[in-house]
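You will see chain A twice below: alongside chain B first, and alongside chain C after that.
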Partner chain A sequence: MTQRPGEAQLPHLFKPGRIGKFATRNLIKYGACCVSNYNGRDGTVTPRELARMRVIANTGCGIITNQGAYPDPRGEGKAYFRQVAIFDDRFLPEFELIARYIHDGGALAIQQILHAGRYGGIDLGYCVQPSVVPQTLPHFRPPREMTKDDIRLCIREHAEAARRSIKAGFDGTEVTSFMGYLLANFNSKFTNQRSDEYGGSTRNRGRFMRELIDGMKQATPDHPVIIRLNGAELMDNWGGNDEDECFELMGQAVECGVDMISVTVGWQEAPESSIGRDIPPGHWNYLAARAKKSFPGTLIAFGNRLPDPGMANDCIARGEFDYWEVCRPLLADPEMVHKVAEGRQEEVRRCIGSLNCLSRLFRDLPYTCTMNPALGHEVEPEYAVTPATVRKKVMVIGAGPAGMECALTAAKRGHSVTVFEKSDRIGGSLLGYATHDLARPDDLLSVIRHYEVMARKLGVEVRLGTEANAKLMRSLLHQFDACVVAAGAGIDLDHYDRLEGRERLVDALDVARGRAQAGKRVVVLGGGKVGLVVAESLRKRGAEVAIVEEDKRLAGDVMPSFKWRHSAWVEELEIRTFLSARATRITAEGVHVASAKGETFVPADTVIAAGPRKSNQSLFRDFEWMIDELHGCGDALMPRGLDAAIQEGYRLGVRI
Partner chain B sequence: MAVPLEVPDSPGRAAAGTGARRDDHRIVEPFFSVAAWQAWADRHRAAFDALAPGTRIGQVRRGDAARAGGELLVIEATEDGPRVRLERYAGMARCNAHLLFVGPDAAWRELLAAGPGAARRLTRERKLHLYVMKSRTELEAARLDEFLDRLALVHPKH
Partner chain C sequence: MLAAAAIEDVAAWQRLIDGYAPLFDPLADGAAVGLAARFFADAGGARRAAAMPSTPPLPMLVWRKRGGRMVVQAGAYRGLDGLGVDLVFLAGDGALAAVLARAEHPLGEMKRQLRAARIQFFVLRTKRELADLGYEDFVEALGLPFLGACR
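== the complex of A and B ==
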């Protein structure tokens, strides 16, 4: 096959590899980063899952790992509501299909076996662990200690699951300790407090892992066994393993002849982030480099918070690891590897690390992706981008994420699309949010850059500095067949009608977009995401900031996986908060705040309104009798956030 | 009301209560003073009023938790307000509480000097470790879910 232009630019990533007797076409491993939750409650694989796996099989990776299946009929290893099972031959037909899809796509097929241990037993009233160490998060089940008979049975079930995977056509198997599953529970001195031969010293704690690897290798002697192990647990504070102990355990796995170690970071209950948006890409690379240096004869795969193919190529070139393990970026853009190989890297939709996927899993929902609205809907033709039967001239009002998503999707279907944006940039509210984001603005700005690139490539005309109103519409009468109102939402200033001194209020979105300046002492009315982002940013820049929130807690409209981050920032930045409180009067000197505790005066030179948002819907009325089709999407329908904006824009784009 | 317990000594003993320092293993006054903590709980009664009667919050010193033996201070919500008692700690498996806080002596001193609100900060700062000893349903019935939610201690953070 001829080398594609991007492959020459990233020669290390795209060079062929080998694991055991199996060759791989490149050094990219699709990692089973989390389960999809698309399957039956009894562990059976569904058509929805099969359709998703057909897409994954064609991502262009050298190795593809199928999501973790639990190996025991009791369900003690089952971590997720709709996790797939592999404890019986009755599951084989669907696994055979998946293995075939992966092979047809040109990749090596690996089946992950996932016994969740401390995080398992989702359908049961308990979980199993080496010792009874209570949970630190109530989402998980109370623990039971495994007996030696339980341990022997568990190892046998893993070996049988491995044998069954190979029987289904997979080339190898993988067992995972990520993120704090059973294997990690035995390895860690936090959860392994046994006094028998499976507990105590690092050597003893590693016994379960050694027996497990041995059992799987005996069951599948001609096939690679991969193990995912923590380079760092991030549980040191709870008495978990330090990094030296983690690497000692990796050494034991190497002794047992594992074919590849996938280095991972963190446990589910770790008190700090490991893969979220606030962790800079490349932050954990040192762990992979240490593993490679310590075990040069063993293949090392790595990918935690390493979303960029260029960085991965450089790491491989420097000998820091052998395979780039990537998952979430391929959920965001299943075409990523092909785009990179073809030299179209600027077209890649980046994973922005919002962790919408994980937030949903821990609420027993199927995972979806903020950036990829088609994920999880591959089985539904209604979600596919298909040529439009009737090619239309479409006008989109608003160049925020909802409008741009709709515009690009409609353009891909053959419609002629023009976007009207009153400001001078694409991005809508996201631009202001990104500008003030404390986590990693570049992730959010990448969304905007993607829209700019794709609008150019797809020939979508974007008329910046053009406000859509009835007058404009009259001048465009009969030039367009359809209009999409994606005009977003603004702060609902009517909410403050009865507030004395309301004329002194400054709109939070104006502050966010740089249209208004805040002073040195600021009170923000509203502790939702708009108020928080503005407050945190102003505080970071040196202002004294207080937040007044009517609800009893902050971050009510923030994605669940990010609420804690805002709470932590508010504390770290020492932002004063008034909860279950409201402003009663604004003066030139400050704000009077009332709560159940009484009234407080907070000095301020700027008072920012960041309370409820209100959809910009007036255009629906204005345009109703001026155009054939009139649609709406995103915050213009109801103020929500980036995820809803992108999903809705896409859904309208594939339908219009 | 100090209840003598046979517990091993450790540096810093007596700082969070009324107990006097003694040598090695012998009958000693406990680290946690029931009287001091009862007064503390009474002072901050409002913080416990939201809890369902029968809800038990346990406190254990870090050293005692490590060796699975020592003192367990229990604050139990009752119809008449919080009641504090000292029990023998015999490891997590046998600990009858809804939540169990484990921390170094300094953290207990700090909490005693401040109020229950400081538990949130100490937990966030990882000076106090919190274990959930009951199922989520039981914690909800005990009306502890909001407390945990505010600490962002329900779902994984990643």
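== the complex of A and C ==
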């Protein structure tokens, strides 16, 4: 195949590679990132999964790892509600199909075996572990200690699962200890407190892993065995392994002749962030570099929170790892590798580290992606971007995420689309959110940049500084076939009707967009997502900040993966919080706050209204008799968040 | 201050949790939380779950919902087995004293100590049992994800 322009720019990433006897077309490995919850409760693969796998198979990676399947018929290894199983030959036909899809896509096929240990037993009342160490998160099941017979059986089941994978047509297998699964539980001194030969010293704790690798290698002698191991557990404060011990354990895996080590970071219950947006890209690269330096003769794959192909290319060039193991960036944009190879990198839709995908898995829901509304719906033609039967002239009111997503999707289908935006920029509320995001504004801003690039490429006209109203509509009568109201939501100032001094309130959205300035002593009324983001940002910039929230806890409308982050930030930044409280009076000096504990006066020069939001819906009424089709999406229907805005905008765009 | 000393100050803890009455409102009668010194739980590298020697009895603080109120009482720690509480906090030296010392929003300090693992937290019941007992608000108010963590 001739070299594509982008491949020459990233020559290391697109270099051919080799694992065991198998050649790979480039040095990109699709990490097992597809525990999806799309499958049968009994572990059978569904048509929904197969359709998704076709997309994954065509991502252009050199190696593709299929999602972790649990290896035991009891379901002790099963971590997710609809996880796939590989403990019996009856599962073979679908695995054969998946291996074939991957080969047809030109990649090497690896099957991952995932026994979740401490996080397993989702259908049982218990989980199995090396020792009985109670859970630190309510989500997981109470532990039972594995006997030596259990250990032997577990190793046999892994070996059987490996043999079955090869029989299905996979080229190799992988065992994961990602985020604290069984293998990690044996390796870690937090969860392994055994006094027999499987516990105690690092050597003893690594015995289970060594026997596991031996078992799998004996079962599949001609095929690579890959192992995912923590470079850092982030459980040190809980009595877990430190980094030196993690590398000692990697050394034991090398001794056993593993073909590749995939270096991962963190446990699910670690108090620290490992792959969220709050971790800068490249933060963990040093772990891969240490692994490569320590074990130069073993292939090292790495990618946790390394979303940038350019950075990955440079790491490979410097010899920091051998394969870029990429996961979420390919959920957000399955075309990423092709776009990069073709020199169309600016068209890549970036993963913004929202962790919506994983949050949903923990709620026993099928995973979806904030940035990729088609993910998980590949089996449904209704979600595909197909040429429109009737080409229409579409007007979209509002250039926020909902409006832009709808506009771009409709344009891809052949519609002629014009966006009317009253402000001077694309982005809507997301602009204010991104500017003040404590985690990493650049990820959120990348969404806006993507919209700008794609609007240009797809010929979507964006009329900035143009407010849509009845007058404008009259001037445009009969020029458009369809109108989409994506005008977002505002703070509901009526909520403060009975608040004395309400005229002193400043609107949080104005502060977020820089249309109003806050002073040095700020009280924010409302501890939901808007209030929190604004409060944290102002505090970070040096203001004294207090939050008054009517509910008994903060972050009620925040997505699960960011609740604890906000909670931690509020503490770290020393933001005063008043819960189950409400403001009763605002004066030039500050705010009187009432709660069950009595009344408190909080001095303030700025009081920001960030309470309930209200959809901007007046245009639905105004336009009802002025256009053929009238639709709505995003916060204009009901105030929610970025995820709903993008999903709805897209769903409308593929339908109009 | 040693964790043990902070544990014995029942009145101070009662004042503290009375300030959070709405947080404990959803808890069912009988729901109970234990606080013990981590030193005891970790002593001699003993297994956390193993029963501790029963002499001398080690101090523990129990917050138990009774008659609609969270009541603080002294208890005895004998290892994690059979503690009779739903959640247990094991605190390192100084951690509980820091919580008591904070005048405004002391649970915020507890949250901070939990994140730094100076206070460890173990769950002794299933998710369903905890949800039925009404723990979701309390657990999340401490910055602990009730469901998966998504780090």
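To be clear about the criterion, the second predicted complex is superposed on the first by the 655 of 656 C-alpha atoms of A that agree within 3 Å, B and C clash if a C-alpha of one lies under 4 Å from a C-alpha of the other, contacts with A are read in each partner's own complex, and residues count from 1 in each chain.
In the analysis below, contacts are C-beta pairs under 8 Å (C-beta built on N, C-alpha and C of every residue); 3 or more make two chains touch, one makes a residue touch a chain.
Please read all numbers here as calculations on a predicted model, not as lab measurements.
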item	value
Superposition on chain A - do chain B and chain C clash or fit	clash
Which of chain B and chain C A:139 touches, first, second, both or neither	both
Partner chain in contact with A:580 - chain B first, chain C second, else both or neither	second
Chain A residues touched by each partner, larger count belonging to chain B or chain C	C
Touching partner for A:271 - first (chain B), second (chain C), both, neither	both
Touched partner set for A:596, first chain B, second chain C, both or neither	second
On chain A, positions contacted by chain B and by chain C	125, 132-139, 141-142, 179, 237-239, 266, 268-276, 355, 358-359, 362-363, 553, 560-561, 563-564, 567-568, 571
Contact set on chain C toward chain A in their complex	19, 21-23, 25, 42, 45, 47-49, 80, 104-105, 108, 111-112, 114-118, 120-127, 130, 135, 137, 139-141, 143-151
Footprint of chain C on chain A - complex, ascending	125, 131-142, 179, 193, 234, 237-239, 266-276, 355, 358-359, 361-363, 552-553, 560-561, 563-564, 567-568, 570-572, 576-577, 579-580, 596-597
For the chain A and chain B complex, residues of the former touching the latter	125, 132-139, 141-142, 145, 179, 237-239, 266, 268-276, 355, 358-359, 362-363, 553, 560-561, 563-565, 567-568, 571
Footprint of chain A on chain B - complex, ascending	66, 92-93, 100, 121, 124, 126, 129-136, 139, 145, 148-150, 152-158
